[in-house]
Every structure is written in C-alpha cells, then in structure tokens.
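Quick one: structure below, then a few questions.
A, B, C and D are the chain letters, set down in written order, and residue numbers restart from 1 in every chain.
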Amino acid sequence: MLKFSVILGNVGQCSDRYMTGGYGRPYEIEELFDRVASIEGVSGIEFVENWQLNDKTVNKVADFLKSYNYKAVAIIPDHFGTPIWGKGAFTNPDAKVRKAAVDKTMHCVDLARAIGCDTISIWNGQDGYDYPLQADYMNAHKWMAEGFAECCDRAPDIRFSLEYKPKEPRVHSFLANVWTALAYCLESGRENMGITIDVGHSLEAYEDVAEAVCTAMARGKMFHFHMNDNWRGWDDDMIAGSVRTIEYIEMFYYLRKYDYKNFISTDQYPYREDSRDAVEQTVKWMQAFEKAAQRIDMDRMQKILDANDAVASTAYMRELLFG
Amino acid sequence: MLKFSVILGNVGQCSDRYMTGGYGRPYEIEELFDRVASIEGVSGIEFVENWQLNDKTVNKVADFLKSYNYKAVAIIPDHFGTPIWGKGAFTNPDAKVRKAAVDKTMHCVDLARAIGCDTISIWNGQDGYDYPLQADYMNAHKWMAEGFAECCDRAPDIRFSLEYKPKEPRVHSFLANVWTALAYCLESGRENMGITIDVGHSLEAYEDVAEAVCTAMARGKMFHFHMNDNWRGWDDDMIAGSVRTIEYIEMFYYLRKYDYKNFISTDQYPYREDSRDAVEQTVKWMQAFEKAAQRIDMDRMQKILDANDAVASTAYMRELLFG
Amino acid sequence: MLKFSVILGNVGQCSDRYMTGGYGRPYEIEELFDRVASIEGVSGIEFVENWQLNDKTVNKVADFLKSYNYKAVAIIPDHFGTPIWGKGAFTNPDAKVRKAAVDKTMHCVDLARAIGCDTISIWNGQDGYDYPLQADYMNAHKWMAEGFAECCDRAPDIRFSLEYKPKEPRVHSFLANVWTALAYCLESGRENMGITIDVGHSLEAYEDVAEAVCTAMARGKMFHFHMNDNWRGWDDDMIAGSVRTIEYIEMFYYLRKYDYKNFISTDQYPYREDSRDAVEQTVKWMQAFEKAAQRIDMDRMQKILDANDAVASTAYMRELLFG
Amino acid sequence: MLKFSVILGNVGQCSDRYMTGGYGRPYEIEELFDRVASIEGVSGIEFVENWQLNDKTVNKVADFLKSYNYKAVAIIPDHFGTPIWGKGAFTNPDAKVRKAAVDKTMHCVDLARAIGCDTISIWNGQDGYDYPLQADYMNAHKWMAEGFAECCDRAPDIRFSLEYKPKEPRVHSFLANVWTALAYCLESGRENMGITIDVGHSLEAYEDVAEAVCTAMARGKMFHFHMNDNWRGWDDDMIAGSVRTIEYIEMFYYLRKYDYKNFISTDQYPYREDSRDAVEQTVKWMQAFEKAAQRIDMDRMQKILDANDAVASTAYMRELLFG
C-alpha cells in the first residue's frame, strides 16, 4: 500500500507573476490542516519551511501533526522565496549567501527533528542562470556539490533529497534532471544524499517518469516523490491524472514492482480551483492508479517488457481501462 | 457511428534518415489491401498518390476497392517525396515547380474521380523554410494562396483539405496550425477549401486537438481527420491511444457533440512494429474512445463546461475510466 | 528610423510564483519616469492600466508625458491581474464578467483619450483553459469575437490590437498565435482591429518572428510590437539581443523593408537585474539591430531570398557580423 | 588553435522519411574526399562505419587520409542504420544482438587501428523506447553499462566516447543528456570512457552547450565534439552559426578557457543545400567564433561571471559584435 501525503501549502492560496495578489484568499495554518483532514487517504504532511513551518509555528505544527495523526514526511527549506536567494542559494556568487544556504538547511534539520521528520527535500530553484555568459559553471557546480556534502555530513541521521527541475524560476537550473541529481549523489558518495522526483519536473525534462523512477530506485536513491500533472512543456502543477493516464499507470506499476516504501506528496498550484478540492482529486487519482497497477498480471507484463512488445503493451492497457 | 479508414501505406514499410533502407520489408499493393482487410472496423482507404496510387495502379486500386467494399476516402498528392519538391511545391522559388504543384494536384483530381473519391488532402510538407533569411515570406504566402485557390476553382466538385503541421520535413512549415489553415480558407472564400486535422500535427503545434476540432467544425471546415499519437514535441506517428487517454476522450466527445460525418484515417509510421498490428491497435482504441464518449451524459458534461469546472471534469473522467 | 518605447512597469519591480514579495523594491510612478528618462533613445511610454495608469494617476501621467516629451504609445487594460479575471475576461463563463471585460476596455479608451493615445493593446491572458474538458471552446471563441468587435465599434477612433500568446498564465490561451489573431481580425471585418506581436510570445509559439511580422504587415494589421528575448520554450522576457542575433537582424530587415511606422516597446521582466539597466540594454540592442539591418544591401538580399539560398544568406550574415 | 574535422558523409547525400530516395545524388568516396579537400581549414576526417568505412574500403580510406594529409579523428560504429538494430543495439531485448553490438564496436576498433584513429564515438541511437511500458528500464540500463564497459576493457588503447541525444530515432533515447553520459562514465570507472557532445543534441536536451562542455571538461571527459545548429526543439543538423551567435561565442570562450585539444567535427544533414557548401559555411563560422572568443578579455569576462552580471555580459557581447 502506497502512502500519500500533502504539501500543506497546496490547499492554500496561489499567485503568479500577473496575479501577484493571489487568485484566492490566504489561509491560516489551522485551516490548512483542517482542509487536508477533510481529504480521505492522506497520512502525511510535507512542509515548505518559512511559509508554514518556522521557529514560531513549529510547536503548533507538532501539535497539529499529533492531534491529526499525520507523519511529518519532509521539509523543503526556503531556498527560493526570500530576496537573499535571488541570484542563487548554494551557487550564489556571494560566499556569505552560499554559507547561509547551508545554514538555512541545517535550521530545517532542527525543525525536522522537532517534528519527527527525517527528510529534507532540497529544491534550490534559484540555483541556475538566465543568460549566456552569466554564470561560472565550474564554480557553481563545485559550490553546489560542496554545499550538499556539508549538509549530509553535519546531519547523518537526516536524508537530504535533491529535487531536480530543468527551469523556473531560473531559465536554466543547475540541477536539471534525474541524471544530474544522480551524478551529484555518485560523486559525493554520501549515503544520505538522494533524489526527489517531482513528476512535473521530470516531464518538463522530457523524461518518461517511470524510467526516472527506475534510475533512482536501482541505486537506492529514490528518497521522495511529488505528484501532479502537466502538458509537458512546463511545470503546470495540475491535478494528477487530469491529463495523463497510461504514463501514470506505468509509473505506479514500477512503484509496485520495486516496492517503493516512502511517501508520495501532492505538489500542485491550483490557481483557479478550490485548492482543497484539487488536492483531493490528485489523491483519488493516485488511489485509482495504484489499484490499476495492482490489477496488472506481473508475469504477463514482464513478458511484454522482455520482448519490447509495444502492440501487446497498448492492447493490455486498453483492456485494463476499457475491459 | 464514426467511420474509420486507413492510409494504405500505413500497413507497409517505414524508413527514416538513419535506417534509410527501411525497418521492415516492402509490400505489394495486393498485400497492403489484404492486411487492411484483416482489421475489423475499417470501411475506407486513403491513398498517398505516387506511392500506391498512380496512373499504372489506378485500375487495380479501383478493383480492390470494389472487391473489398471500401470507400476511397481521400488522396494525398505527392508534394513531398520526389526531388522536384525539395525546396517547396506551391511555394517553390521556381515558377515552373509551383505550376507543377497545381498540375500534380489536378492529376490527383483525375485519379480521385476514377476511384469515386471526393477529397484531396493537401499536405505540402516541403512548403516552408529551414533558415532565417531564406524564404521571402510574403511571396510564399501569396503563392500558396493562389495555388490552393486555383485547385479549388478548377475542380468545384472536389473538396481540397489543407493538412497543417508546424515542422518536418522543413524546420518551419508555412501551413503551421489550425488557425493558419483557417485563415487561408477565410481569405480564399472558396467553399470547397477546408482543413485536415492530423492529431499528431495538432499536438506538435501545442494545440488541444479538441479545440482545433471545434475551430474547424464551427465554420464547416473540418473536411478530414488523421489519427495517431505522440509525446507532444514531434510527430511521432505512434499507435493512437498508446500515450493519450483523456485528451482523446475529449476529442471524441466533441466529434459526437458536433456530429462529425467524415472519415477518420489512421496515419502512422510503425517503424519497429508489425505495421498491420499497429494500425489495428489504433482502430481498436478509436472504437474504445467512441464508446467512452457515448457513455458521457451530455447534460452533465455541458454543466461542467458551462462552469469551467476542472474538478468536476476530472472526477467525471476518473469515473468513466475506473468506475 | 524606428521609434522605441518602454512599458513603464518594466523599469520597476518583478515577482513570480515563488518570490511572491518581489525580487527588488517597488517604485513610485515618478521614479519610473525618471528611470526611463535616463535611457537614451526612448520616445514613448506604454502603460499597463491599473498598475500605473488609472483614474487617480491619469492627470499625473499626462503631466509626466508632457514634461518628458514622451508619446503615449499604448495602454494594456488589466484583464489579467485582478481576481475577477481568474477564470477569464472576454471568455469568462459568467456573462457579467464578460461585460466587465468590455467595460474595462472602454475605460481604457477614456484613459487613452485623456493622455493622447490611440492604441489599446489587449492582452487577455486569462482567456484560455488549463484542463481538458474544462472550457466550452465554441462559446468561448464566439464570446471573444463579440467582445473584441464591440470594443472596436464603440471607439472607432481607437485601434484595438490583439496580443497573442500560446500559454501563461493559462496552460492554453485562446489567442494562441499570429494566425489566430489574424483570423479574428478577418472574421470581424473591423478596420480598427489589429495585432500586437510580442517577440517572446511569437517565439514561444514556434514562429519565426520575421514571418509573423510579414503575416501581419501584408494585411496592414501590425498595430504594435513588443521586444524582449527568450530561449524559445517560455516567455522568459529577457533583455532583447542577449540570446538571439540573426533572427533579430532578420526581423529588423523586414521592419525596414515594409517600413514599419509604429512604436516598438520593450516588454521585459528583469527579475534579478536592475530593471532600468536591463531595459537600457534592450534599447541599445535594438539600435544595433536597426543599424545592422540598414547595412544590408536590399538587392543582394532579395536575390538570396528569391533563390531561397541558405548558404549565401548565412555567409552574408557572417560578413555583416564579423566582416 | 582549434582543430576542425568533417564527418565524411556530411558532404554527400541526405534523405528523410518522406524523401526516401534522397534530396540530391549519392557520391563515391573519392568524390567525398575531394569535396572536403576543397574546404579550407579542415585537418581531420570522421567516419560513419559501414556507410563509408568498412573492410572493403579501409585500405582506400587509409590511402586517401595519407594523400590528403588528414587525421582520422573518430569512427562512429553503425549501431543505427542496419535492420538488426531496429529494436536497439546494446539494449536490444535479444542477447545475441547485444553481443553483436559489442562485436561491431570491436570491429571498428580494428578499423580505427588500421587508419591511425584512437577514438570510437558511440552513437547508439536505437537504444531507447517509443512507447510507455515497452522497455524494461533497469535491464536496459544495466546492459548498456555492461556493453560499454566491455568495449573499454577489450581495447584500453582506444577512447570510447558516448554521444548522447534525448530522442530520434527512438522517441526516448536511454543516453539522453550530458549527465546521463557522465553517470555512465562515473559508474563504470573506466578511464577510456568519455563523452561526445553534439551541439544539436545538447540544445535538443535544453542544455546550454557551454555548461555541458564545462560539465564534461571538469572531469577530463570531453573526448569529442560535433558542431551544427538548430532551432532547439529538434536535431535539425543545420549550418552552425546560421541561427545562433552568442551561445556559440560562449561555447568557444569555454573551449579556449579550458584549452580543448581534441577535434571539432561538423555533423550536418544539408538536405536541400549543396552539402559541400553547407559544410564549408560551418567551418567558416567556427573560425569566426574562435576569433571572437580570442578577442574576449579573459579578466574582464571573469569579473562578469564572478558577479553573475547579465547586464555587463550582454553589453560586452554587443560590443564584440557591433563595436
């Protein structure tokens, strides 16, 4: 049985560069927990540090987790939403900011320990570049590797999971795809460095998500997973299952085949929908995909894969969907 | 009930720029008809002129159509596969070639009349450009409009259907998307000029195919339809339904809603599959999508659309697929 | 000589969906004018209504225009940044909101007349859809056409210029590319309906911008122009010329060839740069491209285009850049 | 001084999936050498095995190399153009074909030694998949790693250089981007395994090529380089410099900065141009880019990079191009 979680802010408010004041109204933490609690099938919560989880809220959050009986699944340090990170966090040209990026991560380690969480999902979205001849690539790569390694070394009890994405908010991100994240893991040699696959980021990188999952799982590096949907060219952060069906059945087939044990969090931006309802739909779709994957005859599917038989494969999928 | 047809060459051999000699073996026309005949649910045949239909084969083709009881659905003139068209057909810088493009189309009109076909589907894939500052855009646009109009005027009994595509074989095609094709129809004012929507070309143009269908049908311009699948960035010409589910249910919903009467042809390049089997899968998927669309409660769906309610919409789709 | 203008907010502050509070500090109108005034070569200002131009500021703005001797080039009505437009402006499912979209446009007409401006550049970015089976395409298209036509009819002295864009903030925009905008112009038959080409939107739509320019200019429909740069897959709104060289020389060649008389506005989001400096760079690049285009021998280039001679063309461009 | 080479077939004939018989006429080996010889600035030749270099031609080729005084730069084994590889070479589901892929590579090693060449550039373009649930990703990845390692071990005097590409001829290639190739190198630990960066493949993977170059050079893994141009979405294999200017100046800046010593080969498909002339243009553009990069003041540029100063960077580039 897969375990589903929700990034707390997902059931809150969204804005974008045009609707800067937000599409809907903001919500208090209490409300956010309440909204998640009204969705069946969720057993964990993930936090964006600073936005909902910080020194001031940590006790309250711990209480909520306890009273609602939620696992604290992961914390995403704010390496992207405060002006200090505008030109990068781990790769900022200013050494003081790079140090701050590590310190910020270690602060999240403290918060994690306080709420019984063992995973820091690093999404350093400001580490990248917008222009040709803007960044010193070799220095940036080196700084990023050093920063990640330092975090791993300073908190060996915590898993640091790298969430890659090819672009946005920078036009080019340094941590661009699953192989980039893997190469950083390989070169660091740290046991507690792994990978967060965000479905939408993976699709944006022109990956088949199932292949990315296998790439990470083959090395024991699939530490965490984010679920949503998009039309491929951008991280649209839509309701998972609203666009894709077969690609997601494939993905859940591999999660079953290789027995994925960690949580899957929703990661959405429901700009125009009631965000609670949009998140609920993602959970329901994930349950449907999990059930569909369970209905797959593992031997029959393995024979198809062993033969690379696309005709038999698509016929099987049609049978699964339409009988 | 929708009517399904097959482009005859689809059940034959494919090559690409690397496997220049072809992935499988070539087939004779007899075999091609035989292969299509073994697929249930097909009632029409579409032809690429020159490849399978020409002066030498036209009588034989007419006989086959009769004996197998197939409707001749459309003819695609060879405006792309003979070296004369290398730098364009209707927009070739050489006036003699531009004239030849029209003459070639009119020759297809003769072939069409000989086999009881009323639709010429023009896919002028070589009309475009590869480089900046290569084409004179205004002249090219004008020549293309004149060529199309001349065809329409010389054969008022025939429907000339423009098949758009954003790129390939040219890096930029002149007839790039559904609105381009529509603008040519509007400016020409010819009743017998319309649009062929190829699903893969539409997706390559970042269209939602259902919107493209509505755009053409609202003006009575949806003359013809080609079916396949891809991963969005390129015209992969795969088995329809092998990737996409909900987008195709949406498309078939609109075909039902606006009562599409013309044929839907498979248009695939099954490089590595048995091409007959790959085409059969597309037909079976289309039947499944048609049935799914018929199960949609039209009032319920209209209420969803009237409210732009994405949450209700995706919930309904999940219900349709997984109960 | 081309005329360059600046969208006033371009020299101000930017935010995005992660850095919701903005990358830099906000600026007052006075400062914004001051910042533009420090850039040589600018003779016009364009406004986003509501953000910098509204009933309260209109007199002040008129004074500034006068004292700095700037032409008021165009006004972009706020059809995208206020929650009422969240699910669309001209195509909102709510008839009252659709009416408000027209009224808002007419309010901008009043503002325009007050500051001596004759162009409303409509960028109805919220008109589109995010999900399959969310929008009723035929209704939406019809409503959009009616809304545009009503504006044109109610202010025959004003030019209404449609700024297309394939996506963002909606995952699919209705007004997707230059041919969409043209089709709306053609079907409306309104003389005062035209097209705003935003370079970045055009590139995002996989257009060669020069071809889009020719498409609009051939019909007298190129009412306005926005300049910036990107890496093709998204509207990155970067400094124009920071990425592209030859495509922009081509574009300026055609502006010269067909004698474009209207303004070119910068349209950028300089998230991390000093926004005044970033805008200045765009102006300087435009001046460089204009000069380069003036150095092109029109006869020599025409011969190249008449022959579709890519080899001669690229050799000529290299000569132009590197001697 | 950079060293430029030509893939011999580049000055010959091209075909695609529509123009299956080729756009121009075919050429004999003698002619191909002659055509290259007429281009100034070329000092090496690269071969596609089977097409121009095989057991029958190897002696003739060796003679030509000698008489024209060309270095044999690299050999690309035919892992893509013969039907046996249709469903993959190193990852073919059939173990016999996988063995054949290694044997084919070792045969190229023999040919390489015979013509004094030390680099095998492996482009295993058929290793990938077209459909969801077609390939067994874990097996395929493992087989590919084993095959590459076996080649490296059996010929320690030869450098095996992996040429990545995200897609085509498969819809998804296993060796998708620079980080994939690097991860294979890292995990294999073989000194003689490295990376071929093809500019067009890199752009297709949404890489900034200069960053990819730095990624490979930082690890001593940049074994080889292929040059061409495209519009980003596809491997258009155009004349290098026909589209891009600043991105290529950036690239040549880094080749200078890190003192790239190996050859740069043209890798083009000049479908509609005289192929010799198209290749010559690429060589001339590379010479222009190299000179431009030499004119860059290394200290001034380093200061810009150290500050991530996009404004100063683009101003410098404009100065370089337009004075």
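We take it that a contact is a pair of C-beta atoms (placed from the backbone, for glycine too) under 8 Å apart; a residue touches a chain by one contact, two chains touch by 3 or more.
What you are looking at is a predicted structure, and each value in this text was computed from that prediction instead of being measured.
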*Based on CA centres, what chain would you say lies at the far end from chain A?*
B
_Applying the document's contact definition, name the chain pair with more C-beta pairs in contact, A-D or A-C._
A-D
*Using mean C-alpha positions as chain centres, tell me how far chain A is from chain B in Å, no decimals.*
39
_Distance from chain C to chain A - Cα centre to Cα centre, in angstrom_ = 35
_For chain B, residues contacting two or more additional chains_ = 87, 130-132, 167, 172, 206, 231, 233, 239, 242-243, 246-247, 272, 310, 313-314, 317
*For chain A, which residues are in contact with chain C within the complex?*
14-24, 80-83, 86-87, 125, 130-132, 167-169, 171-172, 230-231, 233-234, 236, 238-239, 242-243, 269, 271-272
*asked:* Please output the residues of chain C touching chain D within their complex, sorted ascending.
replied: 206, 231-233, 239, 241-247, 272-274, 277-278, 281, 284-285, 288, 291-292, 310-311, 313-315, 317-318, 321-322
*Can you list the residues on chain D that touch chain A in the complex?*
87-88, 93, 129-138, 141-142, 166-167, 172, 176-177, 179-180, 182-183, 186-187, 205-208, 210-211, 214-215, 218, 246-247, 249-250, 253-254, 301-302, 304-310, 313-314, 316-317
